Each structure stands twice: as structure tokens, then as C-alpha cells.
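Have a look at this one.
Going by the order they are written in, the chains are A, B, C and D; count residues from 1 in each one.
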Amino acid sequence: MFENLPLWPARASTMAGNVDLLYIFLVLLSLFTCVAIFITIVVFVTKYRRRLDGREAQQIEGSVLLEIAWTVVPLGIFMLIFAWGAIIYFQERVLPRDVAEIYVVGKQWMWKLQHVEGQREINQLHVPANRDIKLIMTSQDVIHSFFVPEFRIKQDVVPGRYTTLWFRATQPGTYHLFCSQYCGTQHSGMVGQIVVMEPAQYQAWLTTGGAFGSLAANGASLFAQLGCPTCHQSEMQGRGPILSEVYGNPVRLEDGQTVVADDNYIRESIVNPSAKIVSGFKPIMPVFQGLLNEEQLNELVAYVKSLNPPPAGSVNSPGIAAAETKPQQP
Amino acid sequence: MSDSPLLVEHPEHDNPALLHHFATPEQQRNTASLGMWLFLATEVMFFGGMFCAYLVYRYWYYNEFAAGSRSLDIWLGTINTVVLICSSLTVALGVKAAQLGKRKQLVGLLLATLVFGVAFLGIKGIEWYQKYEEHHIPGHSFDVSDIIQNYPQIHIDPSHSQIYFSLYFAMTGLHALHMIVGIGIFAFLTYYSWKGKYGPEYYTPIENGGLYWHFVDIIWIYLFPLLYLIDRKPLR
Amino acid sequence: MSAHVISTKLYVTIWIALMCLTVITAGVAFIDLGPFNTIVALSIATFKAVLVVLIFMHVKYTSERLTKTVVISAIFFLFLLLGLSMADYTTRLLG
Amino acid sequence: MATAAVTTERENYLNAEYGIKSWLLTTDHKRIALLYLISITFFFFVGGFFALLIRLELLTPAGDLVLADTYNKLFTMHGQVMVFFFLIPSIPATLGNFLVPMMVGAKDLAFPRINLLSWYLYIAGGLLMLLCILTGGVDTGWTFYTPFSTGFSNTNVTEAGLAIFINGFSSILTGLNFVVTIHRMRAPGMTWSRMPLFLWSTYATSIIFLLGTPVIAITLLLVVMERAFGLGIFDPTRGGDPVLFQHLFWFYSHPAVYIMILPAMGVVSEIIPCFSRKRVFGYKAVAMSSIAIAVFGFLVWAHHMFVAGISLYAALVFSILSYLVALPSAVKVFNWTATMYKGSISFSTPMLYALGFIGLFTIGGLTGLFLACLGIDVHVHDTYFVIAHFHYIMVGGALMGYLGGLHFWWPKITGRMYPEAWGRLSAMIVFIGFNLTFFPQFILGYLGMPRRYWQYPPEFQVLNVFSTAGASILAVGYLLPMVYLLWSLRYGKLAGDNPWGASGLEWTTQSPPTTFNFDETPEVTWEAYDYEHIPLPMEVTLER
């Protein structure tokens, strides 16, 4: 019976081992603490059990030394736990340099996933093993949460902005995808699968999937369709800034601040252009909020990003890179 | 301050205002006053939640907040501040009159306070009505195209403007609700003062009512710059 | 702990001060001081509030340390709420 | 109820006056405590009823017992009823109301009529909550997260929000009454350093009542207004930030978890010395740690939001602060343990509950450290690991403390003893049932089972079956005291004034006490827990 009762889920990402190590440390530490306290209590209550021999309790005031000791020692241990946990959290939050991007849209009650190459999936995500994947996530309605227990990762998906998550799967296989933030009636039905494939297989899968055109290409036609080029032209003659060198670079704003144009910045510039005005321009760009659905928005963002591709050597598509990366032994 | 407030026992229970579970009028007065101060502390946190929301969105949507604050009537706002400060003075003098046992003066001052309080609400009502006419009340008919036209220099997002006005109405509304409660309390106090219930030995209700009134005044002292004065400087 | 009776003169002086400060704060708002507009407006408001608390609400004259403690803790916890919330909002763009 | 067969007894607060009016209009803190006791027990069983339905649904992986919407309402109302209408008022409003004036040596609370008003506010909020439940319920989760609660749920969110809003003012007024009473009504000689630790923890709890509750009140009011007028403050489609709601909600609701645990800690700090016949080890440290918990408790709220999209740096700050608030709890656990050293320990029912409290609270608290640890929380957030964590503290800790306290002061409250053997038996049943219910949930959580799931993958079933089995044992453990405590009202043996030989002013009065508690204001000349000088009654000596 007990072989069917594991204590932790499969370790299928580079993060899983780190988290489990800390977890096991904490379990052992807690076990030790509990046992120590419980044994002390059991010893006291049996040894000093009330007897009929009329032995009285011995009054003891307390001890400053002990108080200091059992404040400072746990404090030290706590700081160790904090630091260890913070290091892992940093690894989880700070993106590695060379990542492949996938767009995620949560809605009541399904996951919609858009690959840069154009494949779209619902409640299923195919990814290559041994490749850093970055998820750029948003929600169409309420807050959801993208949770893959086997990867030990989780991030809330918040409407109105992008949140990101990254992972590197190590083991081909099929894993749970849960929505872990309560989101209404079918919250428990908002589940899916993460299919981790060998890179070659993944390459093959990419070609079989129904091709809708790549995300950026769709974005390009949308860009034209919506009339963006009337202001954003490739030369400096439009009323809006040239978009070809925006992504990833610092942008000077009208109010003197400088921000780095990341995904959220591009998204915000389209949905709500007035939030940050580029220095030297007038706030004339129309508001596109409500006119675009999240998928279209993702396509536009992908297009704007594709205008300024990352420096040579790093590639942005899981497909290309996966074909080149040798499968590592996990 | 001695450590125990009950050190002296006063067996004689002839003071009608002294409740049975207190030993001395002194103790009873201090108890009521502490209770009032603690209540005001909870009120600070009650408004605090809104101040927190205000701070966040003012940080995010400064332009809309600035434009929104310009659209308020600074004259009415200033006059209302003046009115409230006057009412605080009459309250403070009222407490003094009660301490000294000057009944007529007390009633007069309380009445003056009531007049100021009602005046404040009246002016506030005029302001709200203006906002209603300008379609600045959040909801279906919300429309800030006039504000947008007035300030071509800054870009204004209507839905962010709506957040400003939502906070404006929520904060001034909650404040006005406190004023209404205050006016109710003061109507009571005026009636009983006129009946001669309060004097040098017993004026705790006047004192505590006064504390409440001053507190509501202080909230306004902050609401005024936060809502009206965000950005009044000449446009460039 | 008999109650302290404050002179009418002091009350009126404070009242005049509050009136002047109100006019000043409204006037200063029309002068362009850059970010100092906000700072000045809030400083004046705080100054006014302190006057009201100390004189009108008698905190200056009470022999109770407790009243002062209550006032200070209310302000302290308000700032905890504002400060720690803003700690999130002001650093979101950094990571 | 208890007024029936007591005509031959001494005059006391129960038989001083008769009739329903003498109860509903009473300003006697002891009678109000009883009013609370009855109403709170009612809400506990309502919440427990929902819990049983939740556990039954989760017996099988498929969602077969109730509909998905119904399940969502079940856990929402379970959480809201248990937290706001049972656990938060539980110890403060019953035992606190009964004991605070007696422990300080006063005739009543500082504001008796406001105390009655608190109860009416509680009832008003409670009735509104019941109305909300009976007319269809709420399905937002007890946390009311926006924008789901403001824009998407079409259940009775407004009613539930207002019910909790009203109930909040009941809490605020209770807290205010306690703080003022402790400052102003102490009997001569009752210095701060002589106060029983229960008073210290009640005082700390009241600080949170006063400074935290208003924030949840205004936040829920904003949610209600957002639903009614579309303010847009929490609505992302209009530029609002849903995460701001979470900040405001947890600013109260984290400190609120200490509202739930601090009073229980106070109860345990009374029981352990009494049944060890020793003064508390490190009185000062235990007293100060209560205050520290209350204050530090306000610094850690965003540890519920580590994956909600807050900034990395804010997460770091809130994580490290969460460890600071754990320290005073550790200090308490160690001091309670040390108190038993060289004591004279008896295993009466209250002591069993207190020992159970220490054990289960320690486990719950230690798993809190897992959650405060950023790297682990990302994985276990919103899984059954969290559910197990807080049930260990709230059910294993707070509820056990409450039951322990109820047994401990039962003779004082009613004048009669409960049947000891039954008491010990049900304490054991609760302990066993509890662990069977909630321990498997730690494993479930780490395995990745998300919370608020109506149906779940079949591999999680085995552990869920254990959990449901445990819950039924637990139900027996809670129904038993219900039965024998009621039984003891009539048939219990008469308790003396001080059946435990306990210290504290409340034990110097008669049982049940008279309306004004003390015939003349006592003068305190001894330290708290002066067990050296308190004789042990003969029966207790023999009973062990």
C-alpha cells in the first residue's frame, strides 16, 4: 500500500531538486524540534506527575539566560531558512538570459497557450526538455494561477498585466497543470497537462501542429490592420516613435524617468498609451483597451518584440534552440 | 499616575452621574476619555484603508489625479475648510464653557457648531451637485471629456480619472457621513445642555463629543490638500 | 488630574493660525514649486492637525501619557499600512 | 436555561433576575458572556456542518455529492462562519467577557452597555450571514479576492460583506472595552506585573481588534461599493489593481490569525501553571511576547501574496519579517514547557487540552515557517499544505485552547463540575481525530493538490479518505462535550468556589459569582500564580 503513497511529486525541472532539498531540511529540522519538545514534555509530565506522597512543586522564577538563548538560537536558524528560501526564490524570479517564450492566457476556465511559432493549444502545453522556457502570462477575466507541481513552480495570472514564470524541464513526460487560484465554478476543472518532449520530438510536433502563422507574423498583419503604421513608420516621419529598437532598451519618458521596455511596458503602451509617454512625443496614441483580446495583444507584443530581435547567439524560439541543444542527462 | 486607578475608595454613591461600577467620578471620566481616544484610533485606520488606495493610485495615475483636482472648486473647498475650523473653535470654547458651568454660553456655542456643521454639508452638497451636472460621478454617465479638452497638455485616461473621482466621492462621502453623525450627537448635546445636564462636575459627553468633532475636522484638513490641491500651478 | 482650563485667548490665537494656514496652503498651491508643492501642502496640513490635537483636543495639557501613546500608535500603524504597501508598489518595476 | 433548579442555591448572577428580558437587556458581563457562548456554539456547528459536507464531497475524486457551485459555497461559508462568527469572537467574547473584569477585580467592564451593544451587533451580523446563507450563499472564498468578488460572482457577496462589516464593529467595541477596562479598572494592588497572563494576551488581542478590524471594514465596504456603483478601484479593466485588495485584506487578516491564537495562548498560560502548581516560568517573557506578537503581526501580511505578483523585494522583506513574528511564539512554547519542570502535574481535562494545544500549535507553527520560506511557499501556496497549516493552528491550537478554557472555568461559570472521565475521553478523541484529519493534508499539499478543488486527480484519493475518516471522529469529539456539558448544568456535582486550587481573583469569588462579582473591591498583595500559598483542595489532591 505504501509504495503508492509518495511524499513528493516527481522531480521534473531543474528547480524541483533545490526546493525538495530545502523541504527535506525543513522537515528534518521540524521533526527534530518537535521530538525534542515533545520528549521534554513527556518526561516532565511523567516525572513530575502529581503523587500522593505530598511532594510539592518547586517554584522557579525563570531565567534570563535561558530566555536569551531560546530567542537567539531560533533567530539564527530562522535567518538560515530565510536566506536559503530567498536564494531559491531569486532563481525562480530572475529570468535566465536565453529563454524561449510562450504566451499564456488564463480565462474561466481554461488555459490558452500560444507558441511563438504560431501553434495554439488549450489546456495542454508541449515543451522541449532541457530548454529554458519563459511563460508570459495574463488573464482575460479573474486571477488564476499557473501551477505545475512536478516543476515546483507557481505564479498567479493577473488580469491587466503580464506576470512571468520560467522553468527548465528535465524529464520527458506528462505532468499536471493546475489552476491554483480560486476562480469560480469550474476552478477545479481548469486543469491540463504539460507534455515535456525530447527536443527532436518536439521539433516534429511543431511541424505537425496546425500552422496559424507565427505569433509575430500574425501580429504584423494585425499591426497593419489596426492602422498602427499611420503613426509608427520605419523612418522618423511618423507621429509616433520608431518601434524597431524599443524592446529590451531603456526608454526616456516625458517626465524624465527612464524605464526598460519589457513585455509589460509594450503591453501597457498599447493598452493604455498614456501611462508612460515617450519623451518628445505627444500623447495622441489611441487607447486600444477593450478593442483587442488577450491573444491579439500577445501577437502585437510579439511582433513589436520581433522588430528588435535579441543579439546573435541567443534565440527566442523553443523550436530552433531545442533542435540544437543536445539532450542532457537529468 | 499611580499604577492602580482605584487606590482611593469612595463609598459615597450620591453622584447621580456616577455609574455603579466606578469608584470615583475621576475614574469614570478618565475611562470615558480613554475609550474615546481609542475609538478615534480605530477611525484613523478606518480612513487609513482609503488613504492607502489613494496613495497607490496617485502614484500610478498622477496626471489624472492632477487634472481631477483642478476640476474641483477650490473656492468652495477653502471655504469649507474655514467653516470646519470655525466649528472646531466653537466646540473648543464650548467645552470650556461647560468646564466653567456657563450654561447659556455652552448652548450658544453648540448651536453655532451645529450651524457650521450644516453649512459644511450644504456646501459639500453644492459641490457634489456640480459634479453631478458635469457628469463626473462614476457610473454609466461618467464623462470627463471636458477635463480632457481643458488640458491638452497632459494625457488623461478616462477610466483612471474615474478612479480619482471614485476615491473623491468615497473619501468625502465617508467624511460627510461622519459629519452627519457628529451633527446628530451635537443636537443631543445641545438639548441636554439646555436642560442643564452638564456642568463643572460632569461634562464628559461634551468633552468626548468635542474630541470626535475635532477628529473629523482633522480628516478634512488632510482631505483638502490631498483632493483639491494636487496640482493647481499654472499650466506650462 | 483636575481638568485644565485653557484661556479663550489661546483658543482664538490657534484659530487665527489655522485660518492663516488654510489661506496660505491654498495660495501656495498656485505657485509652481515642483515636487515641493506636495511637501508644503502636507507639511501645512500636518502642522494644522498638530495644533488641533495639542490645543483643541487638550493633548498638550493632559497629564496622561496614555493619550499621547494612543495618538502616536494610531499614526504609527497608519504609516505601517501605507509604508509597507508602497514598498511593494514602488519596487515592482525593479523585479 | 440554567435558572431552573437553582432556587436553593446562593444568590448569583444566574438567579439574580429571571425572565427573557433580564437576559436580553442585561449589562452584566457574565450574562453577556453566556449569550455569546450560546450564539457562538451555534455558529460553530453551522461551520462544522459545512466542514462535514466538504469532507464528504472529497471522499471521492469525482465531484459527485454536490454541484461545483455548491462546493464553492460550502468552503466559502465554512471559512467565513468559522473565522468571523466563531473563532475570532470565541475566547475573547465568552471567556474574555466573563473573566476580564473578574481578573482585574472590577464589578463590570468599563462600558457595560457598549458590551451589550457588541453582542447585538454580533447577532445582527450573524443573522445577516444566515440570511445570506439561506438565500443562496456566497462563493468567493473567505478571502473575497477581487476581481472575482467584485465583477464575476453573482452570489450574495454584498450580504456577506456587510455581515462581516457589522460583525467587525462588534469586535472593535469588545476590544475597546477590554483595553479600557485593563487600563482603568484594575483593583488596588493589581499592577501590570501582577496581571494574569490571560489579561496580557487579551490586551494584545484587543490592540489588533482596534487597529486591524477597521481596515477590513473599509475594504469590504469598498468591495460592496464597487459591486454597487462600479468604482473601479479593484477592477483591472479600469486601471484598478486587484492586488491592492489583497494588501488591504491581509493587512487585517494576517493580524486576525493572532486574534485567534493569542487568547488561546492566554488560556494555556493559565491552565499550565494551575495543573503544575507552579508559577509560570519567565512571566515577563511570556507577557511581553504577547505584545510582540500583536505588534509584529502587523508587519508580515504580504506573506500570503508571494506569488500574487508583488515585487521581488517586497516579498523578501515580508518573508524575513514573518520570521520575526515567529520568535515570540517560540518563546512561549519554551516557557510553557519549562513551567512543568519540577511541577506537580495532574492530567485533568483542561490540562490535556493545554498539552494538546502545545503539540498541535507547535506543528502548525513550524509548518508556518515552511510557508514563510519563499522557495517553499511558491510550491505549496494554495495547496492543502496551507489548509493543514492553519487547521493545525486554528483547530488544533485555538479550538483546543478554547475547549480547555471552557472546561477550566466551567465550574466558575455554572457552579457545577463537568464529568471528568468524559472530559478526558473527548479530549483524547479530539486529539486523535484531529491528527487523522489534517496530517494527511500536509502530504497532499506537498504532492500538489490545490485547495478549493471540488474534484481532484484520483491519485490523491487515499489521503483524502484518511482525512474524511478523521473528520467524522472529530465530529464525535465535538459533540460529546456539547452533551455532557449540558448534562452537567443539572446533574454535575456542585463545584466549590475554587475547585482547582487556582490562583487569580476570579477564583476568590463564589461560584457562580454574584452580579457585581466582588462584595468589596479586593486588594491584591500577591504576585500572579502564587501557587506556593494556595491550598490544594482535597478532592483534587486525590484525583491526580
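Quick note on the criterion: a contact is a pair of C-beta atoms (placed from the backbone, for glycine too) under 8 Å apart; a residue touches a chain by one contact, two chains touch by 3 or more.
These figures come from a predicted structure and were not determined experimentally.
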Chain nearest the overall C-alpha centroid of the shown protein atoms: D
Selected pair, greater C-beta contact count between A-D and B-D: A-D
Centroid distance [mean C-alpha coordinates] between chain B and chain A, Å: 46
Length of the line joining the C-alpha centres of chain A and chain D, rounded to whole Å: 36
Overlap residues in chain A, where contacts from two or more other chains coincide: 93-94, 272, 289
Overlap residues in chain B, where contacts from two or more other chains coincide: 30, 34, 38, 41, 45, 48-49, 52, 56, 60, 157, 159-160
Multi-partner residues of chain C (each touching 2 or more other chains): 66, 73-74, 77, 81, 85, 89, 93, 95
Complex contact set, residues of chain B against chain C: 1, 26, 30, 33-34, 37-38, 40-41, 44-45, 48-49, 51-52, 55-56, 59-60, 74, 77-78, 81-82, 85-86, 88-89, 91-93, 96, 99-100, 210-211, 214-215, 217-218, 221-222, 224-225, 228-234
Contact footprint of chain C on chain D as seen in their complex: 183, 211, 215, 243-244, 247, 251, 298-299, 301-302, 310-314, 317-318
Complex interface listing, chain C residues touching chain D: 66, 73-74, 77, 80-81, 84-85, 87-89, 91-95
Of chain B, residues touching chain D in the complex: 3-7, 9, 20-21, 23, 27, 30-31, 34-35, 38-39, 41-43, 45-50, 52-53, 56-57, 60-61, 138-139, 157, 159-160, 162-163, 166-167, 170
Partner chain A, residues of chain D touching it in the complex: 63, 68-69, 72, 139-141, 145, 147-148, 151-153, 236-237, 239, 241-243, 276-285, 306-309, 312, 315-316, 319-320, 323, 326-327, 330-331, 333-335, 337-338, 340-347, 355, 358-359, 362-363, 366-367, 369-370, 372-379, 381-383, 443, 446-448, 450-457, 462-463, 531-532, 541-542, 544
